[in-house]
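One structure is given below, represented as structure tokens, and several questions about it will come after.
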């Protein structure tokens, strides 16, 4: 049972909904009569002692904002035991008895080491648009990112269909094709290239040529960055098909924007859950949503296992294309 | 086992994602080698014999569109056994052996009677933004509608905070407060008035006055139409608080717009499921999502039971406000 | 020539772009080596001495925000000479030698009296979505508001065309039909009802019935609030035509939202112009855009003359419908 | 005076508002009692005789659509006199006495040759997002494209400020920096790189480092494609500053999307003007907007002169950054 204070931080790549999650952590803790500190700029701020107490007002007018008001940063020093020890002491001296970390795989790994070495109770929340955390089918921000990509695809369709062109759009996902697959299916893309599934560019180009001969006016190809550079693939496709090909690289646009209702709601629910859990003495858990319900996954399992792409999505992409 | 043909129709109030669902029904049936007919303008079109065969091309460039390309209409005549018999015969003469109905409670009720009286296999999909169908926690269109409302609330916040005003926004939901509750929580509303929960306007106004005395610059109140007229409530609030109050009535804007990724995906999955089920001989089932998974609910139970509002939402609204 | 300091305030109804204008006033003044004070909550803040010095940083991350960071409020006391004198003294004691007022007709009138009575140099900027300030064809915020309305009309079209319905949308404009006319034409509305033009509801309903008999699936009617209550008009239209009619009342949504490029650009240019003018000793001018160029209108003429609706718009609405 | 028929086509890169312009051409001509033909896929369709008569209904539900319903395509054959002669004959045999061409510089050049060689009356409309047509300060689609870019910049700001990163966004504009400059100023970018203005990457990087040392959390750099590859420039910036740098290449997203109110209105006015002009016997004119008014520019001057970037924009970018 925590009596005094907890801290909350965001770390790694930001994702839309991190603010909603942090807001829920803060308001729930205060509602429970526990102090909350915000750690700025992730582990770097923990080392730099850049930590301040938060009030209910500190998190107002925030739920609709993209990014993270706490900031986030790389921190090589925290990768060393000495670094983690130093950060831990900055928490201890404020009477912080537990920490909620909102971030992706890498950030949660840092947290698992901090917990192992110092015994500090830690609860994680999956803040990443990649939706690649083991043991759950939802991570904070993935819905907003998928909608941002689909908005882009809608715009590409306008101009693609005017020109009989092939449009490639490169989306995030170094190791995970979830975002590409979701936005590809929802965007009505003809092909989705993901790191998890081998693809044959020659047969794809044959299919495209056949479609165009059959009168199709355009096709859209979504490429997860982990499947290769859309710019390189686009050059090859144009060469092999002889059809005008254009490429968009969305980049960090996918990380921004006001979060969707789903990301705001689920981030809020997870933030509340994380605050209640750590206050009640829990540790080494990551809370996420799976099949529509909040689930708690062991922190060490979460960071040591790799999530695989739902084959159902791969199948659906093929049937509906 | 259906060998020849099925039909698909949309009925009742339209909702974003109906096109994605119909598209998936069509493409899945064709993929399975079964003909598909589209019935225009709901039951009215069934009576008027306004029915045409659909191809894969008929549903291209459609997944991103709001509304329904099949149209929908009121049809008093279909409320009579004679009417339903007449409609049935228009299906039979085309060799249509099963029907997929995409619509809300009322439309599914019509379908259940048609099934009872004629033995025509019927599978329903919940097409309504109200998310009020029994046995499931998701209906096609509810996510897009909630996001449309939250966009409106974001805009109201800008101007409310400039003026120290109270903003009321009336949203859809005659019998169900789901939409109001979701958009209220996600929009960071101070109060959400729903038909399922009694509210005391005097104590609400007292709370508001206290907030403003404490320095709050604005408050937003989401009102489900079933909880009363926002215009009337707004007048009372302005009188009791003495604070400038303004009202927006979103109306059918909530029904339109390009569907979100969630509505496109779930509508597509449900459309595929409905087509496969009816082709394989199923009947009298409504497919929806519950806790993240596709569920089949008995058609008669679905239309004869009433869904209640998730109390978790009511609680969350209170904690996070 | 002003050497010491100027002040900037927003007043009356807020409009998108007010922040961009205030930001430009601040940065230009600082660039010229002149202090800038921000007056919070309009004339009320001037009386309450709620005034603070602004830095370049005070206005960063602001150009994309709706509303106004300075706030605005009603202030009956300022309508009295004593009130204005009191406000004036709060400026004098800070060495404020000139004032930039961003607001609508009413706010500029207050400014003109302040200038007359105290000799304080005043420059106005037209901050209103109504685009009803005499001597100019553009006011800050009108482009964003028109786009917000057209987005709403796009959504209404989806559902209207699914249902063969008549959709009415009530927009702002007590005395001016500009906003209704612009959004009506751009939204492809069939009818636009404005205060400046008499309309005959019976002949309108006849036209609508004729259209529907000719196969039209829907019609959209934009109603400026000054032309009557859309809810009342909608009831009459439904009665006379016998066609389902639905009404949306957009309300203050039209005032919010991130400003468009045009509003950001023109507000920035006007803010710069206002700062340079007042610093160089000008007074009693309102700067706006007319025919694509910045124009300066005499403050007293601006508030004493009434702008009329461009008949070209009325004609265009008829030709293109 | 044209008595019988005119034709309308879109050519070159599409731009949002081309549909609104074509719609206005069609409705105005019909209103004047003149037949209108639509030429599909630009000059290629003229050669392939892919030409059809249009009705008022052909252009309904179109004003809000991006792209062009007429399609557009490259056509090398039209670059030869024989090709143009062949296309001309396909018009003549239908009694087409005049042609409205909606497109960019290249497309208008093709039109000027067709006019010179065949004497066919031709009126052009500037359909390009680059806003680079000589003699006017507005071309159809530039406002929508600028708003699309600014939406992207808003999203980048969220994540840039979370990470203390430098964000580069590459926008269209091979020879013209207008789009980059407009969206850079409106988006609050720190730097805008355009083909018309030399820039020194070293001094830019020095400035950036100074800003960050002074506490700035992020900076955004808009790069017109004509100023160099954002990906290459980004690599250099990261190297020289040692600050994390990320790049987005928006690509053809900038060409799509539902047109803004300004693009719909101005495209509609220009379409009406073009139809009236050609019907009344005019030829070899391009109509655009300059300083808020419709202007007619000689077709040959328009295609033989080069528009320069408004230095006012360059100055403003510096003052407001």
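We just call them A, B, C and D in the order they show up, numbering each chain from 1.
We adopt the following convention: a contact is a pair of C-beta atoms (placed from the backbone, for glycine too) under 8 Å apart; a residue touches a chain by one contact, two chains touch by 3 or more.
Small disclaimer: the values here were computed from a predicted structure and weren't measured.
S.K.: Cα centroid separation between chain A and chain C, in whole Å?
M.R.: 39
S.K.: For chain A versus chain B, what separation do you get between their C-alpha means, in angstrom?
M.R.: One centre to the other, that is 29 Å.
S.K.: Could you put a whole-Å number on the gap between the CA centroids of chain B and chain C?
M.R.: A distance of 36 Å separates the two centres.
S.K.: Can you list every residue of chain B that touches 2 or more other chains, as numbers and ranges?
M.R.: If we look for residues of chain B contacting two or more partner chains, we find 154, 157, 161.
S.K.: Does the chain-touch network form a line, ring, star, complete graph or other?
M.R.: Basically the chains close up into a ring.
S.K.: Could you list each pair of chains that touch one another?
M.R.: Going through each pair of chains, those in contact are A-B, A-D, B-C, C-D.
S.K.: Would you tell me which residues of chain A are touching chain B in their complex?
M.R.: By the definition above, chain A touches chain B via 23-24, 27-28, 31, 61, 63-64, 137, 143, 146-147, 150, 154, 157, 161, 182-183, 185-188, 258, 260-262, 264-265, 268-269, 272, 289-293, 316, 319-320.
S.K.: Give the list of chain A residues in touch with chain D in this complex.
M.R.: 10, 13-14, 16, 41, 65-68, 71-74, 148, 152, 154-165, 167, 217, 244, 246-253, 255-257
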